[in-house]
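A single structure is presented below for examination.
To keep things simple, chains are lettered A, B, C and D as they appear, and every chain counts its residues starting from 1.
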């Protein structure tokens, strides 16, 4: 989905619907994954991005397949918004031969060369340099490609982010840093892990244009992304977006969340990016509740079908266990 | 003796040592208020306060170095690097700094500190959360490396590590987290450098540790006609050469089993040492069983194929025992 | 053939490969404008421009990862991590990221990149600048590790590494920096995974590489009555098992010599493999010679005592050849 | 040397002389070390701090023996100013049994528990966390100790500095970060390695009071240090000092410095911290040129004597090669 969005003229109807579909797809994917996990069908840990859909949808909207992203352990939404195939993603969560990586990598390592997903990453901060490398490649190739790195507020405490900000600024690379600030690093609130919760300021100090946006408002995210991506494509260098948002679920599924205040969930549900955008679509773009119910149902169907197909895939075949340790063919 | 889960035994060791010595500190991600990412530090904040039990940012290099500086200044910090895979972002502080401080200052400084990490091998956590990296750590002079496979050893080794005057890397098995075992009630430590002979036997010495140890025990339990001497190394560096060599001198056969990739793993050191030291006593080639040369996979059936399972271990034992030296 | 110094041979390889393939990039501290901290990248900036040859900040983790991302996006970057000791601040990017990309994406991505580091062992650079850490790297599935000990091999291996489709760690010996040697004039590469038999012999197989190789060669040159087969491994992972095993099957004796600490070093893998595979052919215990269990010291006489010297190597050869298996 | 310095009333005569002596000692030590190196008497690499003496002298002046410092490969000056023993330092440079570390560690690893030198460090950025740890210990002990970390502009690009700034700010630790900004990381100028050469700004973003001072003016450095140390002792948390100064020599001795502009050395010599302070001492504190010549001669003598003594020490004994790998006795 490539959206040319002009903040002056606002978001047109089709774009608005696309954004809704993108967010709804993520919400549904995550909800279904959560259900499957609760049912004991998904091995390992999974980390859901429910509540954070607007960041993924808004940031990825202006991106082409040839643009790059890197993301984190909480990366399903970004991968979906960037065009990752749902069925292969589900297959990977299940640990099936039909998954993106033959089931060998799991939820935290979705990658897809065909749509520029350099990879989700299970090391906090670990994917950021890779995105810088994507941006360097883009700059050298000179076709106006852009690289985007998603990471959390917790990653702002990893030194490697700061190294990358410095390099991106020095080399004027076409990269957009996107901090999904959801107020927690696992069970630790931001007040305990960041001396300055104003993450955008950490980037601004390198001379990188850095904005803070309401990460629950997909239009605000899109506006910021649009500007940052345009700047990158024009060869003007890096940008930074701090998107304030909410992690509705525990750090991982199964996290009892004892560390959370009771009313946090109430506050969050009032900031539901889906509900908010639903309201905009009906009030400003002339869609009816029924129109949107239809979209919801269609997406629900698509996700559940993908999940069912994935579940039905053959389990990963141990015979292939040691393939691809070295790349198999010259590229 | 009390029956405790593995994580409870760790938790108890932390409580006991922090109560015994008020120079002991705990620093790490989610260790204080949340009581540890998997519960191992429950109650410590309440018992010992926010000065001694500290939640840290996600800054492994800095917190390992912070622990080191505090150790050099007279404290005895424990720093948690959540999963063993994450030590990759703190290797300089572990290897170039903590491990070398005593040597580089000719003993003028010491670094009485503990680094704790979980190894999540076997828990379907995928290629960046399941690595068995003990061989790297063991290759670093000045750094001791321990890994208890039972609740009692997890507690006893952690206590010993905290009391050690140098840096000790303590690995803990997430796969055993809820396994119960008898834990002594007294203040007993498990001395660093001493292996446990879990079972005696005359036909083959099976050396193992950490995540592989319970699977090796399962394999051996079922074997009736082969006399396997099962040694749980417990300390990987410095490893208990005497116990292993003495055993192989008796059995004439060695099988090392670990979850790490075979190539350049800890098994190589043990096999090479035994091959050299027991040259005349060996009745069969030294043998190593471990993960194949590949990153750790995620899917259950892949991970099961990747890690040595009781059946694999049993076959390796049987094959090794069958081998006889050709007449020379 | 042209006689070139070791560093000039590296410089030539870089020039040749950057001219051959314009996807090849060079990134590192002081590599562009200054021409490399020790001159190895002289003239590259002038020849290939500031886009392809880049001076970086002191940010090893970020630059290794940057190289990786560029590799995944179709370039073939060479990234210089100046001294091997400094890889400790970039281990995550090397091990968790670059080495696993092909595997974790089931071949959807590859990481055709080279990481170059100097090992300064033997040059009195002290405990944080003299480590031989090849064992760590070799223990990482997906990462190849090479180390040429002569100008020709330094060039040929670097060329092969640049052309490889996966990540290759290239170690270079600062101690040999100014050593001259004949270097082929054609485009020859030294294939990764193939050892060099420097000298043939029937009594003992001496396996070595990197910084120790020249000292081993000196030791062997002087020995007249012992037939030493001298093998320079050149590639540490994947190592040339066939050449080594075949040699030991002939000689019946193995001595591995390296500059790294013996314990858990690369020698353990080779000795353990040989002990297992050549069990019936071995006439003497496998033997390893390396640095003692201590950080690398600074003072010349200490460093000389720390690293295996020609005399030490010669004695180890003689002692090993004397050994005979007891009648069993 | 502990100096109580009140910036309101200025620097008294004794303090002024002490500062001069401290700087002169460093200059002489470094010059002598350079000569010894040129004469082929010192093994390995050495990195001299000629031109940067005012930073070491000024920062360390308000410190007690019980305070901690960490420093870098270019750390001779800091160690001397903190009370390190010259003879043992020289012994270490020579690689002698009488050196601080029995000759096993060399120029880049001077450490001395008795005067709080936690260590020089050959890994760029490597010593900074150790200083944070010293500060944590100081805070826990509660005796008003302070920890100081010296590092260069090059280290500002290492992520670990940023991790440490965040932690120090979060935990309000009694630490002073001192960046010796000499414009180079080895042969690479700051414009090539830092997107924002204003290093103090990198710290200010964490809410750490950060000042930039003329690092060639020892009075200015002392004023900043005095304030930062007082703040730390009072339990008010970390400070940051960026001291702009000059590296007169190459990165290491023997560096041909082809990358340097011809007139750089001229500019630097006009900013000689020794000459500048010499002028202040004669114009404001009533010292004569002869008084100062006498001091210079005395110090020269002391340094040369130390060097001669060190050279005469027994070479390091290989028999002790593996001692202290593990600490030998409980503490």
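Rule of thumb we're sticking to: contacts are C-beta pairs under 8 Å (C-beta built on N, C-alpha and C of every residue); 3 or more make two chains touch, one makes a residue touch a chain.
What you are looking at is a predicted structure, and each value in this text was computed from that prediction instead of being measured.
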Worksheet item: When the contacting C-beta pairs are counted for A-B and for A-C, which pair yields the higher total?
Response: A-C
Response to the item:
Relative to chain A, the most remote chain by C-alpha centroid is chain D
Fill in: chain C and chain D: spacing of chain centres that average the CA atoms, whole Å
36
Response to the item:
Rounded to the nearest Å, the gap separating the Cα centres of chain B and chain C is 29
Worksheet, complete the sentence: Distance between the CA centroids of chain A and chain C (whole Å) is 40
Worksheet item: What positions in chain C touch 2 or more of the other chains?
Response: 56-57, 59, 61-62, 85-86, 88-89, 92, 96, 103-104, 127-128, 141-142, 293-295
Worksheet entry | Where chain D touches two or more other chains at once, by residue number | 104-105, 109, 121, 123, 126, 157-160, 163, 166-167, 170, 192-194, 325
Fill in: Sites on chain A touched by chain D in the complex
157-163, 165-167, 169-170, 192-196, 201-202, 204-208
Worksheet item: Can you list the residues on chain A that touch chain C in the complex?
Response: 68, 70, 100-102, 104-105, 109, 111-113, 118-119, 121, 123, 126-141, 147, 159-160, 163-164, 166-167, 170-171, 323-331
Worksheet entry | Contacting residues of chain C [partner chain D, same complex] | 29-30, 33-34, 37, 55-59, 61-62, 85-86, 88-89, 123-129, 292-295, 297-302, 304-306
Worksheet item: For chain C, which residues count as touching chain B in their complex?
Response: 61, 85-89, 91-92, 94-96, 99-100, 103-104, 127-128, 133, 135-136, 138-139, 141-142, 237, 260-261, 263-269, 271-273, 275-277, 279-280, 282, 284-288, 293-295, 325-326, 328
Worksheet item: Can you name the residues of chain D that touch chain C in the complex?
Response: 43-45, 95-96, 99, 103-109, 121-126, 154-155, 157-160, 185-188, 192-194, 258-259, 315-316, 318, 321-322, 325
